[in-house]
Amino acid sequence: MAPESRSAPAVTEARHRDEWGVEFSRIVAFSDGVFAIAITLLVLAIEIPENSADLTRVLEHQRGDFFAYALSFGVLGKLWLSHHRFFSALGRFDPILMGLNLVYLAFVALVPFTSEMLGDYSEQSIAVIFYAGNMFGVSLTFALQIAYSYRANLVKPEMRDVERRVSAPSNFIVAGIFLASIPVAVFAPTAALLMWLLIFLTGRRVSDRLAALRA
Amino acid sequence: MAPESRSAPAVTEARHRDEWGVEFSRIVAFSDGVFAIAITLLVLAIEIPENSADLTRVLEHQRGDFFAYALSFGVLGKLWLSHHRFFSALGRFDPILMGLNLVYLAFVALVPFTSEMLGDYSEQSIAVIFYAGNMFGVSLTFALQIAYSYRANLVKPEMRDVERRVSAPSNFIVAGIFLASIPVAVFAPTAALLMWLLIFLTGRRVSDRLAALRA
Amino acid sequence: MAPESRSAPAVTEARHRDEWGVEFSRIVAFSDGVFAIAITLLVLAIEIPENSADLTRVLEHQRGDFFAYALSFGVLGKLWLSHHRFFSALGRFDPILMGLNLVYLAFVALVPFTSEMLGDYSEQSIAVIFYAGNMFGVSLTFALQIAYSYRANLVKPEMRDVERRVSAPSNFIVAGIFLASIPVAVFAPTAALLMWLLIFLTGRRVSDRLAALRA
Amino acid sequence: MAPESRSAPAVTEARHRDEWGVEFSRIVAFSDGVFAIAITLLVLAIEIPENSADLTRVLEHQRGDFFAYALSFGVLGKLWLSHHRFFSALGRFDPILMGLNLVYLAFVALVPFTSEMLGDYSEQSIAVIFYAGNMFGVSLTFALQIAYSYRANLVKPEMRDVERRVSAPSNFIVAGIFLASIPVAVFAPTAALLMWLLIFLTGRRVSDRLAALRA
């Protein structure tokens, strides 16, 4: 990977490889590690009390936990794919992008917490608001990474057109929908949940249509 | 790895490397990470109460936990080996395979939960049913990945014959046995446990015999 | 990575590749793994009681946990970047450096514990002292690794001047400030907290000034 | 790594790369992952009760936990180094070695549990016995891996003499000392603890002396 990224785009400056000395592939591997651990920690949110006489009833009570597990596994999985796709389009990186990525990962690593809360308290607005807020933080810092990378010329030249059309705007839209779901959750937590599922289902179609519009 | 997989099989289409931009080796590394974390989280299921006067009695009570730990470590270890073997036979991948793999990993990452439940409640049918259901989900999504990969021409040509004879049918058989153990568990949880051990012990022999029959 | 480090600097001795047989890149990957896991485990410190009637009040009570999460994520993120930068400047390693690195990682992996304690008990001096002590341990063992590597000639020749000016002294300063914050915490825990934030904010500027002074 | 191990020793058979299809480097990475996770999970054993009025007294009570953390971090760190050194001497692998390695990893991943128990109950014989038993399991399965690899001709020819003199016998000795500490722990748990520290301190010297004797 190292030789490929070294000889990569002829675009100059940024990167500061000597000043920073952290290899690109390591940052990606570190981000992957945080994703893999966060996605596997989700399971710890499904708690089983010891010495319960009627396990079946306990499990019925945990239906929310299973829903939150499936939702968050899907969300983190999708986020990981997007993150990967975006980083593979990068030719260089700089300190600001690394800082943004770290804040982004801090939101990603928070998902096991907000997901557990959503599983246990989906009927209380505050739990839904926190989950939406977490996802808003994730999508916003991701959209900022993309927008910044284009402005700072960090994207591989041959990737510029493909990525620009799709990634940045659709991510700002997702961030916006999560933001919009926060006031909804204050009055109707379940309606906010449905808004997210819609993002999940239509995500691909919206970004395709956006790409078509711009092309 | 990248150059190897790029120049790999002459088979065309699928893959969509430009559209997806996620490198094959990263998907494998991510899957490995989820396996390694899930297998190491199994230990958290063996709980020790603080300030117990008689630790020996506590530990006797946890015999089920040790059995579940050993069983699930063995099962996840075997699954990891199979997953690896299968992915090393792949020449390409596509979005559908990646989606199937993510659902598969969601079942794998669930094992620490169902394993903890099995350790604490092996005498209650519902715990055995959930474990069997989890394993059914794992084996089914794995079998589907294999079947789909053959249909979509994602397997390296030189691997086609070797793998086809063995992998897919034996995985459908394992999925079937786990499915069959669910009704058994309703009436006799222990009998279902024994059915799984049989899979474990005879697994290799059955697939060898199947391969011989087909050859 | 292997070929690069093998043919790397013409400096002799140390390394003992035959005697130790552990590849350099593996030590880095292992350290990265510990960092990624520790940073992701931080989230487990934010606990949510099940079956609480008023989740909003519970979350207000956990404000300290969120502060500790953000602080420790930032600290571990910065530490990881520094560790990486330093290791990429190394041409060789020896048993003593590996031992120091293991002690360093033991302090890194302790952060989820001291961070959880800080989140729950930031008004009690002992929690702040433990956190400061943990960070002192991390910065001291890191500074020792750097100092030792220069003495034992383990740094790549072309990196010697760049790194020497910046890394070692600024790390000893950080270790010193954490040490100084311990007596402060005895009387005023909050003042100690502010001292750390100052390190965080001024860290870069101080090391730049130091580098300028020496140049 | 792949090309190196492919063209590696001219020794034939075993390996069964086609039949098994799991790459050597992946097995090493998986083992590394389990080690990194297990060593980082150790910290979860140091529990902090919420809402305690006097945290200082709580922490004094947890002295055993800190001792267990330091001991187990050191032990797992040493084990990881040995495991790595041994695997880097391997030219090939086969199903039996992989099975042994999986059992070995099951004992490694169990350490966070026995370590937590040791921290909480070091005055009760059973906790010390379990820890010794766990370590006996680890050292025995490691010694078996080494012994088997020599018998099955899996070690690189150029490494045979270096490794044989040192690794296998000293590992059987360590396994033996842990086994011997079990009856000691029945009557005097603290004496068993001291026996382990002796292994740790003298380990290197003993294996050097053994190597000298044989040479």
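Each chain carries a letter (A, B, C and D) given by its place in the written order, and its residues are counted from 1.
By our rule, contacts are C-beta pairs under 8 Å (C-beta built on N, C-alpha and C of every residue); 3 or more make two chains touch, one makes a residue touch a chain.
Keep in mind that this is a model prediction, so the values were computed, not measured.
When every chain is reduced to the mean of its CA atoms, the largest separation from chain C belongs to B.
Interface residue usage between chain C and chain D, two copies of one sequence, is largely distinct: under half of the residue numbers at the contact are used by both copies. Work out the mean CA point of chain B and of chain C, and you get 37 Å between them. Mean C-alpha position of chain A lies 26 Å from that of chain B.
In chain B, the residues that touch at least two other chains are 29, 33, 37, 41, 44. Chains touching one another, given as pairs, are A-B, A-C, B-D, C-D. Here chain B touches chain A in the complex through residues 2, 18, 20-23, 26, 29-30, 33-34, 37-38, 41, 44, 47, 98, 102, 105-106, 109-110, 112-113, 116-117, 120-121, 124, 126-127, 130, going by the rule given at the top. The residues of chain D lying in touch with chain C in their complex are 1, 4, 28-29, 32-33, 35-37, 39-44, 46, 48, 50-52, 55-56, 59, 69-70, 73-74, 77, 80-81, 84-86, 88-89, 159, 162.
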